[in-house]
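Per-chain numbering from 1; labels A, B, C and D assigned in written order.
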Amino acid sequence: MPHHVTDELLSLWGVLKRNGYRFVQYSVLAAGIVAMAAMTVPELRGESGSWLRIVLWACLGFFAAELVAKSWPKKSRPKKSDPDATTYLFSLSGLIDLLSVLPIPLALLFGASPQSAWLLASLWLLKLTPVGAGLSLLGRVMQQEARPLTSVGVLFLIVLLLAAVALYALEGSVQPERFGTVPRALWWAVTTLTTTGYGDAVPQTSLGRLIAAFVMVSGLGLFGLWAGILATGFATEHRRRDFIRNWDLVTSVPFLRNLNAPAIIELTRMLRRIDLPERSMVVRQGRPGDCMYFIASGEVEVRLEPNPIRLGAGAFFGEIALLDGSPRTATVTTTMPSTLLILEVSDFRAFTAHHPELARSVEVEAARRRDKQNDGAAKTARLSPEPLENSGDG
Amino acid sequence: MPHHVTDELLSLWGVLKRNGYRFVQYSVLAAGIVAMAAMTVPELRGESGSWLRIVLWACLGFFAAELVAKSWPKKSRPKKSDPDATTYLFSLSGLIDLLSVLPIPLALLFGASPQSAWLLASLWLLKLTPVGAGLSLLGRVMQQEARPLTSVGVLFLIVLLLAAVALYALEGSVQPERFGTVPRALWWAVTTLTTTGYGDAVPQTSLGRLIAAFVMVSGLGLFGLWAGILATGFATEHRRRDFIRNWDLVTSVPFLRNLNAPAIIELTRMLRRIDLPERSMVVRQGRPGDCMYFIASGEVEVRLEPNPIRLGAGAFFGEIALLDGSPRTATVTTTMPSTLLILEVSDFRAFTAHHPELARSVEVEAARRRDKQNDGAAKTARLSPEPLENSGDG
Amino acid sequence: MPHHVTDELLSLWGVLKRNGYRFVQYSVLAAGIVAMAAMTVPELRGESGSWLRIVLWACLGFFAAELVAKSWPKKSRPKKSDPDATTYLFSLSGLIDLLSVLPIPLALLFGASPQSAWLLASLWLLKLTPVGAGLSLLGRVMQQEARPLTSVGVLFLIVLLLAAVALYALEGSVQPERFGTVPRALWWAVTTLTTTGYGDAVPQTSLGRLIAAFVMVSGLGLFGLWAGILATGFATEHRRRDFIRNWDLVTSVPFLRNLNAPAIIELTRMLRRIDLPERSMVVRQGRPGDCMYFIASGEVEVRLEPNPIRLGAGAFFGEIALLDGSPRTATVTTTMPSTLLILEVSDFRAFTAHHPELARSVEVEAARRRDKQNDGAAKTARLSPEPLENSGDG
Amino acid sequence: MPHHVTDELLSLWGVLKRNGYRFVQYSVLAAGIVAMAAMTVPELRGESGSWLRIVLWACLGFFAAELVAKSWPKKSRPKKSDPDATTYLFSLSGLIDLLSVLPIPLALLFGASPQSAWLLASLWLLKLTPVGAGLSLLGRVMQQEARPLTSVGVLFLIVLLLAAVALYALEGSVQPERFGTVPRALWWAVTTLTTTGYGDAVPQTSLGRLIAAFVMVSGLGLFGLWAGILATGFATEHRRRDFIRNWDLVTSVPFLRNLNAPAIIELTRMLRRIDLPERSMVVRQGRPGDCMYFIASGEVEVRLEPNPIRLGAGAFFGEIALLDGSPRTATVTTTMPSTLLILEVSDFRAFTAHHPELARSVEVEAARRRDKQNDGAAKTARLSPEPLENSGDG
């Protein structure tokens, strides 16, 4: 069990090491935003204002250095996946990087008070990586469902305006402070239709309350439709995205490549992809096995007792637990950042029911492995479903 | 990159030009509603009341002119899709147009104060086009799911009334101002059950609070059911509507018409339709390609370097990126308002797995195009399945 | 178009006539509940107390009479679908009927003030028919999803208690009135976790607010899960219920009975059932046709110009618009309460793609009809797909 | 009908008896938590403080005894499903048990006031069994949907911070108490974005209100996406989990084992599992039958009039109502804790349409049963596929 804890810690460390730069970047980002927020609190500004200012300038410096490094001509840079400088500067990511660096000094230059200028540090949050993915996801779903979303949005607008006008007419003279103009009544309508309900403006007349009740229920109804549309759109987008990501991986596994096209399609829909950093534990000995794994890229180590063995891209493991329902026979960890494809037991059975050839191949392979284990044979054969032996406790 | 910006602007301009009339109409609508709201603010009414009144009368005049023009005998009107005058006046759209013009002068005539009369300008919002679509969508979903929605609605009513009566009994004497009558307690119940929570009426007794807690949780539960029902109904309706819209388009593409019936059904489910104004960019050179396009109507221009070519209805493009995974080889823009059918890469692969004949036809066509390009027979029909050349700007 | 309005009114009248008794019952119910609520308002009780009391006693009398009539030995009663008296008294519906009659006189007998006793009139709401259906739906979904719903419910409880204890510890001394005991803090927690937010108790300390923010976000998360579970459960239940309702209807249509079992299953999943009162308009001439109809029971009249014809159970209509995409060729209305099965155009095409035999039969029938129309032949043949001719405008 | 009530009560008693220990445990838990909450109310602490303290110490003692009993070496313990002591102590359940016992005496030992120390009793809630299941469910869904959930979470953060900074800039000088610092504005932003809306901080400027309206609508939108993601994730997880649970049960029914692999897959997807305590009523005579049952483990008694018979694991019942649509012919109750697999009528028909062999087997069996009944061979095996008779109470 303490072994277990060690593994978990190592696994966590692997994640940190792999994401080292991002970890530093996010720490700087968090420090900067906390400092920005602290700057607005008079007590903290009084006591430790100079420290906060140093933190803020340091963060700005860090992001400026990052911008310069990224837009520098690429010869000297090691990562070849980086785009070249001009492309970068005109991309969304380049724009965000510019937005986190330039506005603050410009605002100071044009005479804004430091306190106001540093508020622009809130733009640093846009540097978080999932922002792009989130906006892209939202964008795709909104584009696909543009028509129904617009329809619901327009219904929302109409309920909003009609309710505001009605309440203005009904309560305008009773509570002039709250419903005395249509814009004020609109403020009430929006807090009510979204069921936020601040309670700063509350209708007093019976008819006003009846309309308010109708607005609240409409709010729930419109929001239910809204959630339904987004849920439908998201589910569609999700399936599409997974399919594209999995397709190339599936065809990169030699074992699966020989299946006919409809089978590959079916399997692509079933497999789930995970990206693991090095030293992640994939399977723990003795646990029940509810899936098998295909290695799309990277390498794993099967911790068989005397001589652990390694499996590389194209190999699979974890099939024994699926075939006979026994618990996992060995612990498996990654030795380098790896991409695995997971086939759940339910999908494995559904798939092999229609495509017995895969089951047979897996069984042949599993039998061969077990035999080899019994022979007590060698410990080489890293990259394959073909030569995959191990000696020892077999 | 600046080239890119120009394209985007042109594309935006295309949208505006195409929707020119609607753009003017919506601007008038927005101006009118803003003026109506401003009229209710004493300061604005004082300062610029006469200007606001001019704007409002101008908007009313615009809508009146529109009504007259639409209901005029059709001989002299160019758009033949317009229905004849009487049909129009008795349709939903005609009713809305009447509702935006008549009530205001009538109200003024019958002695309403101008301030009240102009509130009726909020009805102008009903002229927004998506209103019809939105109401029709809502109507279909509500009709399909009428029984469960009614059931949930009745449960909602029961919880509402029982909670109100219980709170009236428990808190009526403690807070007579807020729970002293059943209608007042109902007001509390509706703000609580919809989780709006104004906070103007809050139970004070322990038992009252227990019941309130139960009401809040019921609110979440009922709303969850409600959202679930609407989501289910919407997903069904969505699929049905898309199918109908796509079916006729699919059978209008000669290339697809020869497929057998089940294949057409399958393809109809997969294709997504988009309507584009003229000069829209469909595909940008160098971008990764994740779908191919069939032209249902309209025309596109493929910007091949020396001589751009044009493709008309029935042609397809974008298939090369799907077949070999390469980035887009040319930029494609529409030359007139066009309707395209999009086949995503995931669906393309799934479809061709079961219907290899489509894949083969597409490949043959792609090969032919590539050959033609290599022959240098640049000016003729490189990308169309039938020769759809044009010599003008080619 | 005025013709159209007449039809709609007749259609509405048909609904009312058919549901006559229920209409009276619901009116009594609404009157009783409004009177009950009005009784609690001092001004109304003062002015028109005696009238309200008469209404309430009248409603009670009505429900008592209903109870007696329903539980009377069945010989003399016409409706044979009514269960016998003892079964009725021990059923849910009998229990509700008892609950609406007995408690009020009992309460008055045991010395409750009339004002309190009449509050029990709120139980009359349980007599609404959809209550049973709603509770049964809710019950089925809750039973099917019992495990995940319980899990989420327990998580809800834990967040609730932990947040309350934390806020009690943090804010108990700052705001003893609001967070001074754990029950008070629980009240805050439940208004926050359900995002109701009365605002009567608001944390003031920074840490308290941080925890409150976490509670709000947890509320959204738990509620999202909750809605997801209910949506999934509802969708499943929905499909199951529709299938059972449609199965017997499908097998009662002779035209469909000859299909093989898988086809019947498929069709049962596609058809949607509607129950129409007499004189309902099903199809209006000239409208686009997006579905065809099978008559499960009842009768419809096809308003062909000189001699309208009638179709009975087992017949189908509306197929011509599906086959050639033309608008509806005649208006169809029901002549008695009827149950129809609707087959959408999308499902019709999907189904006939896999089962061309149905398409062929429908086409043969449609051709025969058109021929007969051209022959100008007779006008009998009511109940059938077989002899279905009409003379006149063909 | 009173027979019915007796059955229900017996059934309830069966549940209680079977879950006897858990019932005691949960009662102790509830008592402890109520006592903990009561301790914080000054009046109750004054009056009955000593009693509350006794209850709390008794609960603590109970949980301590439970901890000791569970971690005791296993020789002397009857339940063999219990894990051994060290495994238990390092498991999640062991950790929770430790957390409910140790912290309170430790806190008292280190000088915490009894009032504070007993607050830790809120941790007892973690002992509820569904906690594990709930967390595991939540964990699986969150892991599967990690990417979109993170994206939405980050968008949530960005809207939160930008809105807070904007409101700080706009309203900071107007309402310094509420928007005077960014952390205060953040508090407003979180109550608004989650649509909780306490109303303690409300923007007053027009621009502030416009931004607030945008934040509320964003809140609905983000939450709709969030609910959609969780719903999609939950539906997937649900299907997977059911499949795994059902698979082994299906293959344990001899009658089903002979089906080919795709049929078993299909059936596994259709069956729903229920676990019943002893003396539960499964089927009531005279009710309409909408499903049949397979006994995965346990035993049921079919209450046929002269001689009830018993069916054990591997048998099925309830098929007659499915085959001919008649009501249930006999009442069936469990005689011991049993696991049944339910096949709904809709699924039965769908399945037998594709796999007529099952329908035939079921019909043969049903015919055999009916023959036997007619022969009056009452005492033997009427309803079991194999003779599973019992002579005891028959």
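In this section, a contact is a pair of C-beta atoms (placed from the backbone, for glycine too) under 8 Å apart; a residue touches a chain by one contact, two chains touch by 3 or more.
All values derive from a computational prediction rather than experimental measurement.
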### Query
Out of curiosity, which chains are bumping into both chain A and chain D?
B, C
### Classification of the chain B:chain C interface as same or different, half of numbers criterion
different
### Task
Taking CA centroids for every chain, report which one is farthest away from chain C.
A
### Computed distance of Cα centres, chain C from chain B, in Å
28
### Query
Where the centres are mean C-alpha positions, what is the separation of chain A from chain C, in Å?
40
#### Entry: Residues within chain D bordering two or more other chains
183, 195-199, 223, 227, 229, 231-232
### Summary
Per the touch rule above, chain D residues touching chain A in the complex are 86-87, 90, 144, 147-148, 150-155, 157-158, 161-162, 165, 168-169, 172, 180-183, 186, 192, 195-199, 202, 206, 209, 212-213, 216-217, 219-221, 223-225, 227-229, 231-232, 239-240, 243-244, 247-248, 260-262, 264-265
### Query
Which residues of chain A touch chain D in their complex?
1, 33, 36-37, 40-42, 116, 119, 122, 125-126, 128, 130-131, 133-135, 137-138, 141, 156, 183, 187, 190-191, 194-200, 223, 226-227, 229-235, 238, 272, 290, 325, 344-346, 349-350, 352-354, 356
### Task
Can you check the complex and tell me which residues of chain D touch chain B?
195-199, 227, 231
